[in-house]
Amino acid sequence: MASVTEAAAPTSGAPDAPVWVRKKKPTFTPRRVILHTFLTIIALAWVFPIAWAILNSFRDYAYTSVNGYVSLGGWTIKNYQNAWAQGDFTKHFLNSFYITVPAVVLTLFLSSCVAFVLARFSFKFNLAMLGLFTAANLLPQQSLLIPLYRLFRSIPLPTWMSDSGTMLDSYWALILVNTAFQTGFCTFVLSNYMKTLPRELYEAAEVDGASVWRQYWQITMPLCRPPMAALATLEITWIYNEFFWATVLLQSGDKFPVTSSLNNLRGEFFTNLNLVAAGSVIVAIPTLVIFFLLQKQFVSGLTLGANKG
Amino acid sequence: MTRPQSEAEYLARMVPSSVAATSLNRRTLFKGAVGGAAALSIPGLLAACGSTSSGAAASGGSAKGTVTFGSNASDATPKKSFAAQVAAFQTASGNTVKVNTVDHNTFQENINNYLQGNPDDVFTWFAGYRMRFFAAQGLAGDVSDVWPKLSGYTDGFKSASTGDDGKQYLVPYDYYPWALFYRKSVWAAKGYTVPTTLDELTALSKQMQKDGLVPIAFADKDGWPAMGTFDVLNMRVNGYQFHIDLMAGKKAWNGPEVKKVFDAWTGLLPYHQSNALGRTWQEAAQTLQQKKAGMYLLGLFVAQQFTAAEQSDIDFFTFPAIDSTIGSDALDAPIDGMMMRNKPKNEAGAKAFLEYIGSVDAQKIALANDPGNLYPNSGVDTSSYTALQKKASELVGSAKNIAQFLDRDTRPDFASTVMIPQLQAFIKDPTKVNDILDSIESQKKSIFTA
Amino acid sequence: MSQDYPLVAAQTAVQTPTKAPRLRRGRGRRRLRGADRIIVILMVTIPTLLVVGLVWLPAIASVLLSFTSWNGIGGLSTIKWIGTTNYENVFTNYPPFHPAIQNNALWLIVLFLLATPFGMFLAVLLDKEIKGSRVYQTAIYVPVVLSLALVGFIWQLFYSYDQGLLNSVLGTHIDWYGDDKVNIWAVLVASGWRHVGYVMLLYLAGLKGVDPTLREAAAVDGASETTVFFRVVFPVMRPINVIVFVITVIESLRAFDLVWVVNKGRNGLELISALVTQNIVGEASRIGFGSALATIMLVIALVFITIYLATVLREEK
């Protein structure tokens, strides 16, 4: 990252350059072949470990225990059936949904608000704010456990919001903690992106007397679709896979999100690893689906690319 | 035992708990249930009568109370076993039990926060320092008045359930001994015999090496299995009392006594499976299962790694004597049990539940549903025990002193942040034992005096 | 930087040197009217309160706790002040500490020199209009979305001494997880495997935002693809480069889950965050000692934050 400070970009791009021409290039050239071969090898190398694990999740533990994993045989789908039943996944998937969706929406909303203000206006404390938010991401979350635990335990909630009567053992605590920890990173990414949006965009709106809110909502946000899609993908994955806060702030096993309940497949001593693998594959499916969905969004976000505005 | 139990379960589903509670005197009902197996059908019958006579009127009545029960039994077998016992208790007592199951590992990691938050009335925990600590901190409730109502527990179990103040805080639920396990078929084929002294063990190990076997399977990737080796060596070299004093922080780790233990261990290490720090106990157990290893020092749970057909091929012996004046009558046999929170919401119900859990009836239901364990109540009919279970229960019964395992007998902060890395360092390089013991002692001081 | 006053640029020629008071004074109806002012204040203060309340205040509490001895049980009156004893113990009486610092540094170096550039490189390749780009992207990104339990299983299958794929296929006898000289590298491979996916995704998102005409123009001038990237695209990508850099630092400092799933951060896999967890979370409850470790981690993090902010500040001037 030596050239981080090398800010002066050559600006040879003619503003009225013709539209995208690369599409017309022939797709079959030696260079393309090398490129595809290389990418295929990399992709296979990246997927192989997962494929190997998935393969073994379809094997009977009694078989792999005797013959080792570097063998073939003992095929079964029992692991999946058992994992679903033992892990009580239906219930825990719903729990994950109750936690992840509000937390991601809240995170993206709050961080885009801060990022917008930081990128749009200059205040003395701009930099300090950015530091405050970004640094929050560098803290080891585990070290905040005891103070946060005490804090949540001391905040009462009416029983219709939390049956434990406090923030502890409620989804509220979990949603807020996840939001607080993720807001920093999203703010950082979004404000960086928003700073690249040309100022001129807002000038017209201002002449029209558009309120700050309208500028945020109708100008900035639509232009931020690519980073928002990228962030949404990452955040859903992170918050969905988060299990530390869930296990320390929730105390009822029934409320655990699906990632925490994966532990239900482990015994006190003995663990059927193949069963855990089957459970983890099931748990990974929603994040994969989200990625496929948002990847599309990602690509369509291109046409709204900032520099083309 | 399955029949009346399933009948009780069946009835439990039939009879709303409120009915059983309002139409019967709970107390006598419960006593009947505790009385013995024969009595179990009586409350069942009464409950059945209740359901036919006043079932319709039940809507207005309320249950005697709800007992909340925090369980760490998340895997299928023990979970089912608890469910059956809870169902039987509900039928018998008219209390409702709300079970909160959290997986074993999470439950254990969060115990401090759990007990200070909003814990359940009754919760699963362990005997030993781990129990006494929470009792001393005022986070556990005194259950001394439950104990007179329990029958079939030896004094050993009672003292293991007793806190520093002399009161009882635990009702034992199950336990398992640590020993050297082996496969009968392998030993029969090679003509090995059980060693009773350290020299015999060494000679046997040498023979096994000649026969192409790993003498002693070994794994310590997760840090705790090596504690079992240390415990038993220390009890053989220095005796039970020294071991307990050492665990309590009263003896020096870099003194001559502990050094002797590590000397003995160093002598045995060449016969242990190498590369232990990258191996899980399950992988080590597989080498035993696959007949590549001759013995394995572990808890009875090692049997879970074997298939049903192989169960009858497993046998074990207690670690042989090292010092003949000390003998070999002490061992690790950790006890799991149930405790009551401090000031439970439903104290009478919680105590009734604990009393039930310690009863012969409950233990029989547990044995029927989860046969892999040993159950402490001597009233349990051991005829359904496997040969392995019988032998294990005899071993523990004949032991003069029972330790709970290093991480249950000493401060958990010391066990996990000092002992695990230092024992691993020793296994990595036994020649550094003096530095390691000095480091343990110095860290121990900083923790125990804090 | 006059553009930094967007709301005044259209109507006022005179710039006031101070920025903050502008908001409060509310000069000029078209700048920040009442409603706008309230909106802006709300947009900033609500998230700030959340982050300060749930991250920074607990962090400060954590720093304070690092000067105490406490087992986390009972009221605050049971906390005992012991000065800097915890720090003395961390540095002189806690063998895992030094390996942890080294491992964290190694982690940063490896991610920074290998994984991050490779992820960027893949993103550049995938940014081209090529067939099946989405398939490649998906394959490389998938490791990121997997839960820890699955990642643990995946690498256990590779690295197990007795049954692992590596020793079986290569015919080696390497104790990948147990040998404290090897295991950190084994885990770093797993870490890089995941990190490349993150970096690729973020960088790709950034590349999509780069005006294609910039590249076209440079290409027309006859510059090679490599030259175009380094001379044109890379500098334009500065914001994303910074993001990727910061992510790499965050990931290396907070690296935790992979070593935790292997052996809870022991025997060659010590990392500061794992040590913090061993001491604070779980039954151990050496709250003061663990907080001291966390404070050390916080200080290291602040060094990076300061460097970053200083860079930003210098540029704005």
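General observations
Order as written gives the chain letters A, B and C; numbering starts at 1 within each chain.
In this text, a contact is a pair of C-beta atoms (placed from the backbone, for glycine too) under 8 Å apart; a residue touches a chain by one contact, two chains touch by 3 or more.
All values reported here derive from a predicted model rather than from experimental measurement.
Summarising the inter-chain layout, the chain whose CA centre lies farthest from the centre of subunit A is B. Chain pairs A-B and B-C differ in how many C-beta pairs are in contact, and the one with more is B-C.
For the pair subunit A and subunit C, the distance between C-alpha centroids works out to 14 Å.
Subunit C has its Cα centroid 42 Å from the Cα centroid of subunit B. Counting only residues that touch two or more partner chains, subunit C has 72, 160, 162-163, 281. Within subunit A, residues 248, 273 each touch two or more of the remaining chains. Looking at subunit B, residues 109-110, 113, 116, 286 sit in touch with two or more other chains.
Considering their complex, residues 69, 71-74, 80, 82, 85, 89, 93-96, 159-163, 175-180, 183, 262-264, 266-267, 278-279, 281-286, 288-289 of subunit C touch subunit B. If you check the complex, the residues on subunit B that touch subunit C are 108-113, 116, 130, 137-139, 221-223, 275-279, 283, 286-287, 412-413, 416-417, 420-422, 424-425, 428, 439, 442-443, 446-447, 450.
Residues 62, 65-66, 82, 86, 149, 153, 164-166, 168-169, 247-248, 251-254, 256, 260-261, 263-271, 273 of subunit A touch subunit B in their complex. For subunit B in complex with subunit A, the touching residues are 72, 74-76, 78, 100-106, 109-110, 113-114, 116-119, 281-282, 286, 289-290, 299, 301, 304-305, 307.
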